[in-house]
Amino acid sequence: MFESKKVMAFGEVMLRIAMSNYQTMEQTKDARLNFTGTGLNVLSGISHFGHETALLTQLPENRLGEAAKAEIRKLGISDKLIKQEGEHMGIYLLEQGYGNRPSEVTYLERHHSSFGLSSWEELELDNAISDSSIVHICGISLILTDATRQAALRLARQAQSLGKHVCFDFNYRPSLARDQDLLEIRKAYEEMLGYADIVIGGDRDLIELLDLPSECNQELEFSVLANYFVKKYQLLYFAGTERSYQAEQRYLTGFLISPTGMITSETFPIFIFDRVGTGDAYVAGILTGILNQWEPRKLVDFATASAVLAHTTLGDSPIVTLRQVELFLENQKIDIVR
Amino acid sequence: MFESKKVMAFGEVMLRIAMSNYQTMEQTKDARLNFTGTGLNVLSGISHFGHETALLTQLPENRLGEAAKAEIRKLGISDKLIKQEGEHMGIYLLEQGYGNRPSEVTYLERHHSSFGLSSWEELELDNAISDSSIVHICGISLILTDATRQAALRLARQAQSLGKHVCFDFNYRPSLARDQDLLEIRKAYEEMLGYADIVIGGDRDLIELLDLPSECNQELEFSVLANYFVKKYQLLYFAGTERSYQAEQRYLTGFLISPTGMITSETFPIFIFDRVGTGDAYVAGILTGILNQWEPRKLVDFATASAVLAHTTLGDSPIVTLRQVELFLENQKIDIVR
Amino acid sequence: MFESKKVMAFGEVMLRIAMSNYQTMEQTKDARLNFTGTGLNVLSGISHFGHETALLTQLPENRLGEAAKAEIRKLGISDKLIKQEGEHMGIYLLEQGYGNRPSEVTYLERHHSSFGLSSWEELELDNAISDSSIVHICGISLILTDATRQAALRLARQAQSLGKHVCFDFNYRPSLARDQDLLEIRKAYEEMLGYADIVIGGDRDLIELLDLPSECNQELEFSVLANYFVKKYQLLYFAGTERSYQAEQRYLTGFLISPTGMITSETFPIFIFDRVGTGDAYVAGILTGILNQWEPRKLVDFATASAVLAHTTLGDSPIVTLRQVELFLENQKIDIVR
Amino acid sequence: MFESKKVMAFGEVMLRIAMSNYQTMEQTKDARLNFTGTGLNVLSGISHFGHETALLTQLPENRLGEAAKAEIRKLGISDKLIKQEGEHMGIYLLEQGYGNRPSEVTYLERHHSSFGLSSWEELELDNAISDSSIVHICGISLILTDATRQAALRLARQAQSLGKHVCFDFNYRPSLARDQDLLEIRKAYEEMLGYADIVIGGDRDLIELLDLPSECNQELEFSVLANYFVKKYQLLYFAGTERSYQAEQRYLTGFLISPTGMITSETFPIFIFDRVGTGDAYVAGILTGILNQWEPRKLVDFATASAVLAHTTLGDSPIVTLRQVELFLENQKIDIVR
Amino acid sequence: MFESKKVMAFGEVMLRIAMSNYQTMEQTKDARLNFTGTGLNVLSGISHFGHETALLTQLPENRLGEAAKAEIRKLGISDKLIKQEGEHMGIYLLEQGYGNRPSEVTYLERHHSSFGLSSWEELELDNAISDSSIVHICGISLILTDATRQAALRLARQAQSLGKHVCFDFNYRPSLARDQDLLEIRKAYEEMLGYADIVIGGDRDLIELLDLPSECNQELEFSVLANYFVKKYQLLYFAGTERSYQAEQRYLTGFLISPTGMITSETFPIFIFDRVGTGDAYVAGILTGILNQWEPRKLVDFATASAVLAHTTLGDSPIVTLRQVELFLENQKIDIVR
Amino acid sequence: MFESKKVMAFGEVMLRIAMSNYQTMEQTKDARLNFTGTGLNVLSGISHFGHETALLTQLPENRLGEAAKAEIRKLGISDKLIKQEGEHMGIYLLEQGYGNRPSEVTYLERHHSSFGLSSWEELELDNAISDSSIVHICGISLILTDATRQAALRLARQAQSLGKHVCFDFNYRPSLARDQDLLEIRKAYEEMLGYADIVIGGDRDLIELLDLPSECNQELEFSVLANYFVKKYQLLYFAGTERSYQAEQRYLTGFLISPTGMITSETFPIFIFDRVGTGDAYVAGILTGILNQWEPRKLVDFATASAVLAHTTLGDSPIVTLRQVELFLENQKIDIVR
């Protein structure tokens, strides 16, 4: 249908352990294991939308690492760039909520994971981006260790210099950064923003993390702040989503800010079956739209619908296809597709 | 409570393979097998509403056919009229939707099923209807093969001549008829309508399938069109359901058109747990009401409530009892029945 | 955080057999077994809110009794007061509803359970309450057998005389009392109310069960009736919940009536995953608030939120923690807690 | 293949609750519910061997009773003779063993079951046997209550007088008879033996239960004792099975004693997947062989193979078909049947 | 460790529907879906032994086809050569046996599958083998349709002419060939044997299928017959396995016949968890050994151990790794690998 | 039956993640979570044999830690001595073997667990042993960190000085000690052996770990070596098990060496359902026998039977009761206990 172009992502793969049937850890011993991670999830979505993808990461050199690679291939992502060493992987336990009971995430040891302990040579980084149109980088790499930060920055710098799109996902988790200096983190983020042309985030990211000029205080509207941000870093797009509520119904709206202004998507009702990873489905939609050279309105509607449908599927990695999102955009009231 | 009368249905039994826990085929290997089919489903409902039923069909002569017979008996339907030959059964794979993600049905080979390859002698058809009050025939038999069409028409003609009710269910699936001539299909449908006195369908069926006079164009109201239809074919009832929406809530309303006009049921909210087969639950309600000689208003409310509750139960075959439907009609707000 | 005080409950433990995945008994052979009972459920909630608890009951002297004890300990309740004799336990089968299809409860033999056949010596009863601040008694004990009625009354009388709180839960099930004289039942209830200072119930309990003066007829507002009741029996609190509906959304509101008047909680939307036992979660919240000496408004909001969240968790026994209820009261719109 | 003849059985239907995956009740909440009972199991086997069957029993008049009837129909047994009243059913909990860990059965309340409380009129008993060739009666009916004993004896007496086969299954459970006088039980058994011509049992039954002459002491060989027994009661057949061991392998051998002597089956190795109900599979084989007028050697081999295969299938009710047993007798080493 | 070389296989992918927990189709609705097929299974084994693989086949152009591709990638097999058209896939239902109860396979419609209806151009066939060292062809392609036969023969002829190994797997299923002339089938097999240098089969294949000279009658020893066969077709290897029994224990022995004679592997005990596909695990071992240039003794031991372990893993596709087979060959008594 | 005495154990609690139905991590996402650890397992066994137990450990201060405490209470072990801090727990993934395929254990990060990072004050250690008769210490504490080693040694020294039994379990895992000096480890083990009077281990432990005099070389019989060991450290008992094989059957024999010589248990066949933790079931039997003052022969037979039965139950923690072990010792051929 369209020319296939490749997306490469650099990021951590984690093990998600989700307790079964909306139960708590105290209630059941039955769990479902999945592999997850921002980069993995974004690529899974893009792969289901019809483009080639490859993940650059380090996995443990044991049976868990092998199982992760099998899952990655299954999602349609190339495992050719993956290194294996060490024996641990970041883990989170998920107790899924129901109705107005929120889901609970419990993180286990993450800093001593294979990815956390990884080191990267310039050559292997440069090779990894050589045949990709877009390089996706997750903010967690900027915080986890020196080695992952250096690798992330090197990838972005090199990709920019080769004229590729660099998509940077804020994904700022203060809890991960506990003993690091905020100034240092900010420095890394700012360097990264200098290389990126597509940035994913929200107002909190801009306010909490960046050193914005004093006139950009919290009282300003988000759009003013975001416009300033887009111009300062000469971005192609700054994109994200907003949640809203009406009575007991939840809604999602996507936004896309370019130098020419902000457009927002249709506001879609959301029905939560599995909440985690829905933001990554949005990014997968954005990057697919950019590869497909869609105009902004189609792009933001598609990406938001991708995120909306990701709320209704099990697991963090999006598995909805291009045809399914398009069908949804055509008619949201269909019960059965035959 | 009421005198038990028997309903016989002629139709295909299919194997439904539903992936578990709202997952896609790509996500899980766990599936739940069920037997389904319009005739089977309608009889299951009627059997749970207290009447005797028997299914006339052909099943494979292997372990799958035996398992289907066991399930049919379990649903309270007699398996005495079932023939066994061949080794295949029509199959569909179901990926259940969630919230605003629709369910997806993928059909596998259906034309070479045991039922598709069946042939029928007049004597066995005549015997099959001998002790039934109502004969139910599904439109798919008119399309599948010559043999099933001939058998369906013979059954209806014979039943009419013996003064029995003939219930014909349009169930028109253009995809099944791909290489057949629409004119020929229309001819068969029109012959069938000459024998039937209870017809199940909707406006699309009347417009797409039948050769209605030019003044019955799409701009006419449905009730005018349906009235014309009821009179033309001298029907006792033309019945069906309509779906509607308010914000994110779905609703169902039943209609019942007789020579004296149209009545509609209460409009009930619906909550989808398993969408497929809910139309068959409506038909089960209609035929039960006719056997029980209920007045039209009770009949249409009961049938619609039967369809509404069928959205909340697993599988295509209705398993809600008479007492449960009646309780629902008395009070829709009860949480627990003790 | 606060000084831990102990709650003791006297009551029956039952086996709940819940069919899996919203199916009926006819549809599936897969079931989930749980232990339940008003006393057990109330203590489970209190234990998860941080206080010590102990259950006084009799269980069968077989592997089922051992399994019940293991589950009781797991919920954080002491099993030191439990006696074992006999071989049966009350049982109910649960077919969980979905959407507007109600859940169905089918009770099996209950009168010949180990608890139903138990007998109690004064000394063991007196010892059981010695180190508790609150004694909880369920109305079922007043109906089941003479022995359970005598034990319940003895416990309450003794607890009152020792200056402890006595919480009595009406829990009136006319079906259990089938062949008993209503006057006799009323007599036992009235004696019990003389000992209790915290009573759980609703308007139906007051009207159907008690011999209220003729001016308290059904036309009076509930608050007038309840005020009369609180004063007549010199209660600290009379507490319960009310269900309401708006379109298809269900809501819950708690009330708390003291000699100084009635206060009601915020009205919370409810989302039903497992309906049974939610009233017990309310009582757990009330008793926790009393132990923690919370002011009435916090008490009734906390208790109602506890009941609201109990609708979203599997099983009859509340397993939501103090932190989770407090978080919910702070922000009901959070999707994920990390 | 052969002329179909009908078998009727009179007996209790119980609910079996088997914990999942070889776990104990303490370990898991997941259970699998099945209906069971000697008569039900024997008929299930016979039905799978190609003959018509009907069960005479009383089930609760609630959803559990309805579910039992659905399962009975599914097994190919007619539910037309079943009465419904009361609300309880005998229950046993099964913790399945593995390897050298034995299975454990925990019985719950059984005397207050619907069957235990049933009463029977002569006319309904006489009607029940009218179109059967064989009437099967289980010894438990002789012990449970006066009413079940009287019904069992009446059925046997009447069946004998009509020239039908009466198959009596000792099934003596001393634990069930706890407070009954052994002499009284013996009297009932002896009366029953006067009507039966096919008896199922073992040496323990003869020694413990019957008043055998002093020369039949335990030191006599079983064959001498059994011969005496067959002659005394003028039996057509006395049949049963013997277990044996070689190192860690278990074996099963069937025996069949007629007035002309004893023959034994081939000795088959057994592999236990689900041990309960395997004796009933043996009886199903014996009665099928009698209906099919097989010579004794084929009869005993077939019945024993039926029991051997029943060790390998889940649940108490045999579901192996005639073709499967015959194939097994032809070749025990086949891995896959295609 | 060793230079990676690529294996390409041409063959049908089927859907396997296995009933859960050793139950029959009548007993359970729970099933596990897997994709299977000789070529797919052989490649899965080779991929787990460390070599690159690619499957040449046609899958349906629907969600089932997509799911199959995802599973193929997961097993480590390239899906780049797969075409998609049509909507059906061959299916078999598996009722797994236990102990001495054999597994039962029920085939559904297979001739109208996407692969059965496929057609192949010479260019795409030639491209498919261009970068492979070994081409694997399954005998079923020679029987299924003219198009699959022509494609299989073309692939083999072309591969031979390019100096590649051609591995032909007899896999003769008389039931598939029902209406075909044996002489015609034999002709195709003989042409194929002219191209192949590695052949997989057993004595039955040689005797039943081929036109061996009269002196090669059944009374000859297998080794004589096989030697004649190897020489006639100038094979590098003729390989297969033999099953044997001692008391209740089953054993497996592999054989490998080359122009220089026959060698047999160690005889290993087998423990059956999932029997289907174990022969394909043997072939995976043989081809891996050839790629690795192992000497014959290591080759046959490794391949047989691969088949032995495949009996202990779920599903038809081998998933045991090189390290696991080697560890097994070093020490068969290890309980736990840490 | 006997006077209850308390056992306290100090050790790590780990999370075990076992893949379902004998599948590998690559094959399934379904897993079963359990808590495990030598101390926990030993106490679980002792608790099921009728004695009071308490575990001294540190668990994470999050929902995983809470779930572990609930499970510990369920097993009948007191959680009063447990501290909570940190957020990680040692983890192992288990792929269960089948037949001759061994189970595979994959350890994830263990050194940064809550227990690994714990620190202990003398007072809390002294309090922990104050009311116990036996203190159990696992060798892993001597290797994990300085803090756990110091705590283990302090506990043992103090317990010895108070006249309590100290049971030390070698449990030497060279892989855990990778970067530690063997001499230093040996020093800690030797100090511990000076305090212990009951030691659990095998010949490899004595040879690999301890500095035995040169005449105790590997060629000596184990009994000579063990006798020397028992005398050198003035032990009450040195105990362990030996595995052996006959054809494909596995066997287990227990040994018990005291100053007066060695006795061995009966040799029992074993059937593996879940292999991990069976050694801990042996220790539970030994310590129970010591508390019950059984003579050595009964002690070693009971402990070995406990270990034999632990092979047949799911999970690492023994859950077989005293009655079950005794029944097994009386009759190993019983199929069903009713």
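Order of writing sets the chain letters: A, B, C, D, E and F. Residues in each chain are counted from 1.
Just so it is clear, a residue touches a chain if its C-beta (ideal position, glycine included) is under 8 Å from a C-beta of that chain, and two chains touch if they have at least 3 such contacts.
In this text the structure is predicted, and so the values were computed from the model without any measurement.
Relative to subunit C, the chain whose mean Cα position lies farthest away is E.
With centres defined by CA atoms alone, the chain at the far end from subunit A is D. Interface comparison, A-B against A-E: more C-beta pairs in contact at A-B. Between subunit D and subunit E, two chains of identical sequence, the interface residue sets overlap only in part, with shared numbers making up under half of the total. Computed centre separation for the pair subunit D/subunit F is 46 angstrom, with centres defined by C-alpha atoms.
Counting only residues that touch two or more partner chains, subunit A has 24, 26, 29, 66, 70, 74, 104, 107, 272.
For subunit C in complex with subunit B, the residues that touch the partner chain are 21-24, 26-27, 97-105, 107, 173, 175, 243, 245, 247-248, 272, 275-276.
Residues 74, 249, 268-273, 308-309, 311-315, 319-320, 324, 327-328, 332-338 of subunit C are the ones that touch subunit A when the two sit in their complex.
Chain contact summary for the complex, subunit D toward subunit C: residues 17, 24-26, 29-34, 60, 62-64, 66-67, 70, 87-89, 91, 93, 95, 104, 106-109, 112-113. Those residues of subunit F whose C-beta lies close enough to touch subunit C in the complex are 66, 70-71, 73-76, 321.
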